[in-house]
Amino acid sequence: MPTLDPGIGEKFSRRTQRAINHDGTFNVRRRGGPHQHDPYQWLITMPWWPFIGIVVVFFTVLNVGFALAYIALGLDDLPGVAAPHGWWQDFLSALFFSIQTFTSVGYGHVYPGSNGSGFLSSVEALVGVLTFALATGLLYGRFSRPTARILFSRTALISRRADGTPCLQFRIANLRNSILIDLQARVILKTVDEATLDQRYDLLPLERSAISFFPLTWTLVHDITPESPLYELQAEDYARLGIEVIVQLKGYDDTFAQDVHARNSYTHDEIEWHRRFIRAYEVGDDGIAVVNLDQVHDTEALR
Amino acid sequence: MPTLDPGIGEKFSRRTQRAINHDGTFNVRRRGGPHQHDPYQWLITMPWWPFIGIVVVFFTVLNVGFALAYIALGLDDLPGVAAPHGWWQDFLSALFFSIQTFTSVGYGHVYPGSNGSGFLSSVEALVGVLTFALATGLLYGRFSRPTARILFSRTALISRRADGTPCLQFRIANLRNSILIDLQARVILKTVDEATLDQRYDLLPLERSAISFFPLTWTLVHDITPESPLYELQAEDYARLGIEVIVQLKGYDDTFAQDVHARNSYTHDEIEWHRRFIRAYEVGDDGIAVVNLDQVHDTEALR
Amino acid sequence: MPTLDPGIGEKFSRRTQRAINHDGTFNVRRRGGPHQHDPYQWLITMPWWPFIGIVVVFFTVLNVGFALAYIALGLDDLPGVAAPHGWWQDFLSALFFSIQTFTSVGYGHVYPGSNGSGFLSSVEALVGVLTFALATGLLYGRFSRPTARILFSRTALISRRADGTPCLQFRIANLRNSILIDLQARVILKTVDEATLDQRYDLLPLERSAISFFPLTWTLVHDITPESPLYELQAEDYARLGIEVIVQLKGYDDTFAQDVHARNSYTHDEIEWHRRFIRAYEVGDDGIAVVNLDQVHDTEALR
Amino acid sequence: MPTLDPGIGEKFSRRTQRAINHDGTFNVRRRGGPHQHDPYQWLITMPWWPFIGIVVVFFTVLNVGFALAYIALGLDDLPGVAAPHGWWQDFLSALFFSIQTFTSVGYGHVYPGSNGSGFLSSVEALVGVLTFALATGLLYGRFSRPTARILFSRTALISRRADGTPCLQFRIANLRNSILIDLQARVILKTVDEATLDQRYDLLPLERSAISFFPLTWTLVHDITPESPLYELQAEDYARLGIEVIVQLKGYDDTFAQDVHARNSYTHDEIEWHRRFIRAYEVGDDGIAVVNLDQVHDTEALR
């Protein structure tokens, strides 16, 4: 059966921080190992501003390089270059010619007038076109990455069902204006043994672990029955045991044709006791249901 | 077990409209929530005409901007500009030069004749090439989105099997000239409790819930046995209970290598009683079966 | 359980040809139905030569159109056009200028010398760049389509296992130099009732219906036990019943990171009796196994 | 049940080398078969340096071809060509003009001055733009291929559990700085019959065959119970039987949104006896776990 346990138990010398952050990333660092180059993946997952910066820097460095090469050849090889010739003006002229070649603009007021500059500008033209082919692929790679936008309630609740059964609940909504289908959830409880600091993982069965459609909100419920690892635990136990409730979601976004994965966790101080969720949707006069995403976190005390 | 129920029951203050429209979209609006930007998804899912409009506007605004920048620099920096110089002619000349740079055409009869215009045109050339790299990605993103084209019969039927068992039926066909394989169907009945307005969801088991190949038509059949939620319900019950039969299909289009998802629903007034489907395919003299898609909706009264 | 039956039985007025051709396509035509446009899919699935033809024609038609527009504007608006001016030479000059603009080459010996030609060439430059953005997407769409290359033995065999059990066998090999993993097979028997011409579909269970790795060959075996629909049928029964053995394969090509689907069928005259497959691989002196793809079809008589 | 057996047993005339190499490829060669062209797949899977070489060669050959065509037309058709005219200088001039057309740079100091060169340069412009559209697709195809980077321990161990049960173990870690989820493993034992040289495949059940998250390391454990094919085998038996432990992993890389497949095997001389793995992760003062990838292979003797 799938488990969170990544090895034969998990033995640590200290208590760890939360395993999963609210953005779904893991609190784990790596060290060592063989060289690992994934330049493409690095380029398409980095935030936008550094990416644009890298593109501009790369473009500039390449063109400065070619500009210096044209200068080395001698600017007599580029008829039409602006006068007067000083080293700074020459550099700018060579740089502009380089950029006009690299980007295939090729005005022609400055042109390669020797075999040397003809060859160098031919090489630069090829490099330029291939560079922009590469940029096209990178841009598309960046854009087409799946982006799950699941909103989790800020807190999880220890609540009570109509029949009195205590239960652990949290709520999710789809932030995007799209249809999520076949959404499946798995919830795992992580506890820490106070003596050995061993970490233990238990599956928390849900009232329903999957829904066909997800247009409104979904409240995931784990009944705290005698079989539940949470049975008869009090709030102070949650803190003492370093409890972390780990959620894994998987579905399919049918509007954007993407798989959706999302993770989140609730540490003991993010669990509220004896509260329940207030309904976050209503029906307008026209009979169409409206979800109010701001209300996903709203709870009220149990009476 | 997968269910349509998006929460602990579903409680509304009014009757809602149908949950699913005939094009598969949901009758749900969203409100509030954190800022949610998905510009790429918005651009690739919008209809074609607005998209082309946005491209043209974006192109125009950028080039007008650069044109104004060239004018601010002074058109003496762009030798070759047409005479006489008036503000409108100057603007047009600058605009044309801008477009010729942005699109990398670069005729050269007008060219950057100063460091200022050389720098500005270099920036514009880079912006232009990156913009078209982006457009390439957007066009491909738009084209490669999966498009399911499942034709549902306009009505569902309450019919009778050969052995007398009543059954609920509807029929589907593949509109595209492609092979759908491993098509799976799930049918869910939504009813509304008259007193509480609670909505209830029940799975309607199908005679067959999946087929290997889908070249012709497929009539999905739910036998109304004593276990069925529809057992012994009459037409007026269907209206009173606000019945909606929700269909979810999932398959793989092997010709176009795309996953296929489709949804539809039949409200009580889209269900016909005591009719059956007329066969919508025939075999020609050459022994090849022909599906007539216009006949997918055709029914006849039961005798 | 998945079935081939596309409806409540399948009733035909005549015997049909084989359901599945050797290239995996279905023998089904479509007629009628709402307008169904899938230009992108049509463009990426058509054979190469028609596609290239369409590209050339589209390019030519667009440029001829723009050329005629330049002529309508008047070639005085395009300084540098070649002399002498006759209607044919003018057309060629306008056409060349159009192409130089459309492809962003923009030599500049001919250039737009009026606002009218400036505007028209700007429009053409934008159209040209977007057209090639579109072409890039189409080319990539054509290339990245999954291509399953499964070689099926030309014939299926009625053979005998070591313990005397009769069995139906056929053999497959991976034509591509790639690793197929998790290959699953489903075999369905289609028979035709002589009286009613109803078509019936039965699953033929396989000795093994899936293999982890598929580097060599795989012989799929259906044991003809008393439970098998083929039990005690003779060759003449196969013909009389219009038997067709339909094969559906699904797997994952790990070298090219593509899903693989393949279909084939064996009609009664493609089934050989009392033969068995000759092994199609051997081990070289270096201990490396070699598959000989030409031998996949090779059979010998049972002794 | 999925099996490694690719046919009815596997009969060889000699012992084979290992079936799976450490990089996951199979030790199998292919021969014969119908012509199999997959130029796109070949281009996107080949290593980078040969690919770049092919691009440069293709570009050069095409442009040399067009250059010779311009020369055949006569360089008088290309006004602006450099003087003096000798066959080598003419060739270079034609080549540079060809490249400037092919890459859409189009300076214009040399330009097509006849209908013949106008037509030829138009064809070349179209070919050039389509070639770079193709290059864009190839570059993106190369970059977007999934790359699994699973680090396997160099050796597998015959170890002992706390309760004394012997077990076969090996360890894996994720080399990439990404989150692998839903990782599933299958381990198959290959043995060779000494007399017949038949190869036999048995599934080795794992203590856990799947984990939800894979941020740290995962030690896969097969308990050598009386039901295990390895029960009571000694080291010399492993060699005599030509044992090979074949591992197949499948998961989803949620950071890079790619499916992950990995394969490896351990031959008898890669299995160490009576050792166990040393833990390869620790917790820093800040409570964040750190994986040390260099320690994944580290083992110590059992006491």
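Of note:
By letter and in written order, the chains are A, B, C and D; residue numbering begins at 1 in each of them.
Everything below uses one rule, namely that a contact is a pair of C-beta atoms (placed from the backbone, for glycine too) under 8 Å apart; a residue touches a chain by one contact, two chains touch by 3 or more.
These numbers were taken from a predicted model, which means no experiment stands behind them.
The two sequence copies chain C and chain D touch through a face in which the numbers common to both fall below half of the numbers used overall.
Looking at A-C and A-D, the interface holding more C-beta pairs in contact is that of A-D. Centroid to centroid, with C-alpha atoms defining each point, chain A and chain C lie 36 Å apart.
Rounded to a whole number, the gap between the C-alpha centres of chain A and chain D is 25 angstrom.
Residue positions 104-108, 136, 140 of chain B are each in touch with at least two other chains. Contacts from chain B toward chain A in the complex involve residues 1-8, 10-17, 24-34, 36, 38, 40-41, 45, 79, 101, 104-108, 111-115, 118-119, 121-122, 125-126, 128-130, 133-134, 136-138, 140-141, 145-146, 186, 188, 248, 250, 259, 261, 263.
On the chain B side of its complex with chain D, the touching residues are 104, 106-108, 136.
For chain A in complex with chain B, the touching residues are 55-56, 59, 82, 89, 92-93, 95-96, 99-100, 103-109, 132, 135-136, 139-140, 143-144, 147, 149, 151, 173, 175-179, 181-182, 208, 210-219, 221, 252, 254-257, 279, 282-296.
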